[in-house]
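So that you can tell them apart, the chains are marked A, B and C in the order they are listed, and the count of residues begins at 1 in each.
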Amino acid sequence: TGVATVKFKSPPVNSLSLDFLTELQISLEKLENNRGCRGVIFTSAIPNVFSSGLDITDMCGKSMEHYAEFWRAVQRMWLTLYGSNMVTIAAVNASSSETPSYPAGGCLFALSCDYRIMADNPKFFIGLNESQLGIVAPFWFKDTFVNVVGHRIAERSLQLGLLHPASEALQLGIVDELVPEEELQDKAAAVLAQWLALPDHARQLTKSMMRKSVLDRLVTHQEDDVQNFVSFVSKESIQKSLRKYMEMMRKRKG
Amino acid sequence: TGVATVKFKSPPVNSLSLDFLTELQISLEKLENNRGCRGVIFTSAIPNVFSSGLDITDMCGKSMEHYAEFWRAVQRMWLTLYGSNMVTIAAVNASSSETPSYPAGGCLFALSCDYRIMADNPKFFIGLNESQLGIVAPFWFKDTFVNVVGHRIAERSLQLGLLHPASEALQLGIVDELVPEEELQDKAAAVLAQWLALPDHARQLTKSMMRKSVLDRLVTHQEDDVQNFVSFVSKESIQKSLRKYMEMMRKRKG
Amino acid sequence: TGVATVKFKSPPVNSLSLDFLTELQISLEKLENNRGCRGVIFTSAIPNVFSSGLDITDMCGKSMEHYAEFWRAVQRMWLTLYGSNMVTIAAVNASSSETPSYPAGGCLFALSCDYRIMADNPKFFIGLNESQLGIVAPFWFKDTFVNVVGHRIAERSLQLGLLHPASEALQLGIVDELVPEEELQDKAAAVLAQWLALPDHARQLTKSMMRKSVLDRLVTHQEDDVQNFVSFVSKESIQKSLRKYMEMMRKRKG
């Protein structure tokens, strides 16, 4: 039918580790290069978490080379997803984060799709919470967010690192639609079918026209952005606060 | 009173053909150069259709020269309207398209005015439906649309080539106000009077400041944009799909 | 507690005169350079007026040098406030203007803060009303406004020089929240506390990332913008309309 579903399954919380990103990247590129595949739904196979975000263990206590490799994997995933020729639907069937949470990767993933449907559950949250962890969302996370919610909402939400409950996410435009949890997958399939009713070529050119300037900005500054991330994350003050955060997470779970 | 009303009357469906565009352009420039004219209301003299959009007959089975001439006329109209020193009000007293419809010109016309009032009739639709026909809205249609509704709504609406019913158009900001059909012309006149209460010079400079960057982008790339349109529309695959579309329209009407 | 409150008190209507701007600038820079101060609330100590806006007496009947000095003070205040490392909250406890009013400075001040709370009083208005006085908001007023409310709303509001009542200001996003007048200061303190719960460094870098391009645009064109203001405001036609306006204000008050 030309449709794929990608189910995140990286226990315990679908954190975007270097390993999981690499695996995801291979799947995405396979689908992208498969002319038979025209649309894809992203959802989670793990209860209560869509994706907990970027894996802090890849950002803490590792070498500069490791940080750089990790960040290139994050960039690559976003460039592939945000620039995808396929119709991309996020079926957010759980939180894009835990509390306490990893930073923001699940929300970025959803924001980079063409359409976001979220399960209508007040326990599910979504947002770019980097500030809460003392780190800063990179400019292309910000650009993607501004494209979705506009400048005012992005400015406040990013400064405060807010995780928005589902109903607020709908109101702010972070997600396009809320549906009861049990109807989420059917709804995602129905929305995808609506998008696939359009001729691919015109839709793809239109999407590319809308997203090109933001994609180009990262492409132009890709290596600077890696250096930026590496030098920021390897600062002793940042390492210290990430270690503290990981300990706190371990204790809450213990 | 310094006020003009331009009534579209190009039977049967006010499609923006090369002839109609040329006529419209002459009227617009006359008003623009008439220092006595400070504001203009655009509406339709034909029941049930505001403007059905760009005329496909000018895009199908003609010479490259014809396509280029047609496209220059579309560009010229938009540059004049979007950059007008007059206050421009769209009184959308019918659909900006038929079903099946021509592409998008009626909606672009309305989006380029200062203010859009639409008759509150669930049968009236407005949108940029190019994708539905397998063609792509040019970047300056997109820029104009993004200026009105923001990036997220423009991205989805353009990719899907959506024609929005009046109430949805209001909610998305595509039109500024809905009024009962019989009050539309009076309301447009009242709104225009409100705008004309302002000193012209400050209002004109403010408008120009808001729109200059988007206008300049087309001016800078005008000839590229013509070549783009000509080479796209003259492709055999596009010609084929436009012919099919015209046949479908003929049958539905027959 | 790391928190300051700046109360505007420049009788009778807190107009932003050269003297008051200079005083305000000194206070702001002192707070900015005080590492102990992390957040600031701006409010008015004068009943019924937050700030009546730029003082017309500094724009009328003075020398070119005076106009230039005045405008540099306005620029400096905005650059300091919009680029502030502190959390900035506007507690708009009255109108940002009187009727008839000075132009727009109070609204710009509020728009440049991180968050705007307004007293829920239908008699309080806020907006950028330059057009009403026959003058044009400079591009950086416009940029700040577009960042808050988006292009469509900014275009209409600026062209018409609208002063929006509190409830409309909330709906358009000009202010973030309305509260009963007697709760305004407590609410502002509570919101500030929420913002200060975040680590300063990440929040500051995020804010700078969001606002840098708009700040840089003024920095790059600062002297052009001064020349622009001086040559515009010193035109005999503008001087005449400002004098007329001041007379009208004097009479209404008399």
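Keep this in mind: a residue touches a chain if its C-beta (ideal position, glycine included) is under 8 Å from a C-beta of that chain, and two chains touch if they have at least 3 such contacts.
This one's a predicted model, so the numbers in the text were calculated from it and none came from an experiment.
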Quote the value, from 0 to 180 degrees and to the nearest 5, of the angle by which the CA atoms of chain A must be rotated to coincide with those of chain B. 120
Over half shared numbers or under half: where do the identical copies chain B and chain C land at their interface, same or different? different
Round to the nearest whole Å and give the separation of the Cα centres of chain B and chain C. 37
Give the residues of chain C touching no fewer than two other chains, as numbers and ranges. 150
Which residues, counting only chain B, touch chain C once they are in their complex? 114-115, 146-150, 173, 176, 194-195, 198-199, 201-203, 205-207, 209-211
Quick one: in the complex, what on chain C touches chain B? 130-137, 139, 142, 150-152, 154-156, 158-161, 241
